[in-house]
Amino acid sequence: MNAARRFLPLLALIALAVLPALAGKFYVELVAKIMIMAVFAMSLDLLVGVTGLVSLGHAAFFGLASYVVALAAPDPYTAANLWTSLPLAVAASAVLAFAIGALALRTRGVYFIMVTLALSQMVYFVFHDTKVGGGSDGTYLYAKPEAKLGGWSLVNFGDSTQFYYAMLFLLLLVFVFLRVLLASRFGHALAGIRSNEQRMRALGFNTYVYKLAAFTLAGAIAGLAGYFAAVQFGFVNPDMLSWQQSANVLLMVILGGLGNLFGAIVGAFAFILLEDLFSSLTKHWLLLMGGFVIMAVMLLPGGLTRAGDAWHAWRAHDA
Amino acid sequence: MPEPTPALAARNLTRRFGGVVAVDDVSLEVRHGQIHALIGPNGAGKSTLINLLAGELAPTSGTIALRGASMARARPHRLALLGVGRTFQRSNVFRNLSAFENCRLAAQARLPRAWALHERASRCDVSATAATQALAAVGLTARSDAPGEALSHGERRELEIAMCLATEPSVLLLDEPLAGMAAEESTRVLDLLRRLRPERAILLVEHDMDAVFAVADVITVMADGSVLASGTPEAVRNDATVREAYLGEPIGSP
Amino acid sequence: MDLSIFLIQVLNSIQYGLLLFLVASGLTLIFGIMGVINLAHGSFYMLGAYAAFTLAALTGNLFIAIALGVVLAVAFGYVLEWVFFSFLYRRDHLQQVLLTYGLILVFEELRSIVVGDDVHGVPVPGVLAGSIPLGTTMTYPAYNLLISAACLVVAALLFALLRYTRLGMMIRAGASNREMARSLGIDIEFLFRVVFALGVALAAFAGMISAPASSVYPGMGNQVLIICFVVVVIGGIGSVTGALVAALLIGFIDTFGKVFLPDYSGVLVYLLMAIILLWRPEGLFRESAV
């Protein structure tokens, strides 16, 4: 079992690396989308799986960055500059996350869940009801941002394969960053907060500050994902900020398994592939999705990456 | 030798919960180099008092001073960083971490960059050393790698103390540390307290009368939220109100 | 703003606030007593509205439809608790959120399959189709007054239930200490089922009675859900009094907000929540069940 655990990620990486050579454009774009969502899911895993903060409003930071890249272009037909628009989008998400977190973290438990939901709804309404970014109609991004360095174009985001590899790079970058973070003192402190916050305070940790830092960082990474989601899709609308989007990413994380980051990646793959599968089966695919969500959470509370443990526990119970 | 300024002093401390007065006008001092024991029947308000001193609860009225400086409404983490360590009445360890990891996390709190993103927690020698020493002091070295949830009740109480020690506190607030411990474990903890005493101020809440009389320099007796008597063990032992209200028989006699 | 218009807005505020209260009271009770966060609560409101539409079309009489609907809602709530929600009590909040989210999807699609996705209107019963004059130039629909009156009656009954009956006492005991209540011989499982059914019935009733005044459309459940969360947060979990105060507060802010600041009215409610949280992170009325 342990050998499989170590080799599976490596195999998966190799598979991802060679995919564009083997599969058609549809799959290349689909997997690129999944990798973006995996980054989004990992950012939420930092909050939920590592720090124990269940946020039902994470889409706000994802969606805000999407809007920033769409609005950062001088007009819908001119390309924005990656080097300016990306930091701007991520910074915007970080600032919003800081603001929402500063307020929401004054509450605990169930209140926290509801407050994150409500505050992100506020952001949704700003984009839906007002004329910012086209209101409920959304806005288009006809020209993808340019990544130029000294006149040379580094990456052409309009090309599916190049975009794919850029996203693979992004996924690896965020994954490694978060793994280093988890092993650091900061990461250990977050894990301690999840395990027993009262104890952490009694030991001398200012847990509010730690939680706020985690919340802001998670928001920034979500913004990173949102930026490229808008770039790929070419269209942004308030749905990217909706609470359904927040619930979906939460589902991805729990589907895959909390706390180990792999779960977020696996969950993103599972969720989007299932979404694709179900919607091809019937018009009422949400029914299948709902049923699936219920089954998955009931039967596999530890998520897919811990399915092995669940299996063994089940076998042991039987014996 | 006790210093003139008490390490921790509570004056006229009162805490109400709605109509109930859990702590009623309590004054007490914990001095450097002393073990101050707090005894009393269940419901006397001892745990509430510890929570007040540790910053978990805000007093309804009264003051708390740490080395003479007022600690009005200081929060737990600030007090911890100022050197006030506490244990909980019900073991409050990190169940998913090993005993060693519990203590290392505790030691990490006082590091200058406890929040460091780039410093690997496992590479930190300072916190690892503090953790090893704390575990050795309570006698848990053999169980360093056992996860919190696998420890026996007595071992968990010892881990509580070890975690407190790992933060190198100057004031210790111990809430029934001996509860549920076997005889040799209790003896070991009492010896530890005697070794710690010269350099620290210790407030010890306990039910075990033999232990209290064996180790305390000062005893305060509480009942129904207020102080019944306070003084040296002999004085308390001979105090008529205490004998009547608390035990109904001479304290500490064989 | 002249007096008649002001009066109309006040009446609208009260109506909206009371409807919110009915839905939110169920949510806060389920929360406070069973510790379950239920995202599907808005769906009960939506299902109630669609039920009113279907039953009114079948029976031709709105009041019979509502009566039938309430009975069905109670039965539905009872069974749903038994078959699904009773498994949620031991789960952590994250799992409850996702399980009830799955439930929303199931309910929405079932409704879509059975009744379709069209927006419907429900005809106002003839006797109440008229309007009542307000001042010299304005009138107010009689049916809307009925809505407020009916909600007020139901609210009063709810408070009476909680304060004066044995069941109410058991509910309040269960809210403050489940284990103790059990050891006193209170059948907790039965109590939970009753509370849940009550919550469902209240939400469904709100949906039914307001159906003729607003339209019946697919997204209505989700919309009301989030506002109800705000009501519960502001009012304090488990507090029915808090839910009433918060619901009325939101009713007024939202209604008058739409008049004075139409572009930003959607945001005002959340702003209110943010301000109150800065002052009292656990809501206005904290823990008491009534």
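Letters A, B and C name the chains as they come in the text, with residue numbers starting at 1 for each one.
Here, a residue touches a chain if its C-beta (ideal position, glycine included) is under 8 Å from a C-beta of that chain, and two chains touch if they have at least 3 such contacts.
Since we're looking at a predicted model, the values are computed, not measured.
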Quick one: most central chain, C-alpha centroids? A
In terms of CA centroid distance, which chain is the most far removed from chain A? B
Chain pair with the most contact pairs? A-C
Intercentroid distance (Cα basis), chain B paired with chain A, Å: 44
Between chain B and chain C, what is the gap in Å from one C-alpha centre to the other? 49
How many angstrom between the C-alpha centroids of chain C and chain A? 33
Quick one: which bits of chain A touch chain C in the complex? Just the residue numbers, please. 48, 54, 56, 103, 106-111, 113-115, 117-119, 121-122, 125-126, 128-130, 243, 247, 250-251, 254, 284, 286-287, 289-294, 297-298, 301
What part of chain A is in contact with chain B in the complex they form? 180-181, 183-189, 192, 195-196, 198-207, 209-210, 213
Chain C residues touching chain A in their complex are 31, 37, 39, 87, 91, 93-95, 97-99, 101-106, 108-110, 112-113, 222, 226, 229-230, 232-233, 237, 263-267, 270-271, 273-274, 277-278, 281-283
Per the touch rule above, chain B residues touching chain A in the complex are 54, 56, 75-78, 80-81, 86, 88, 92-97, 105-106, 108-111, 113-122, 124, 163, 167
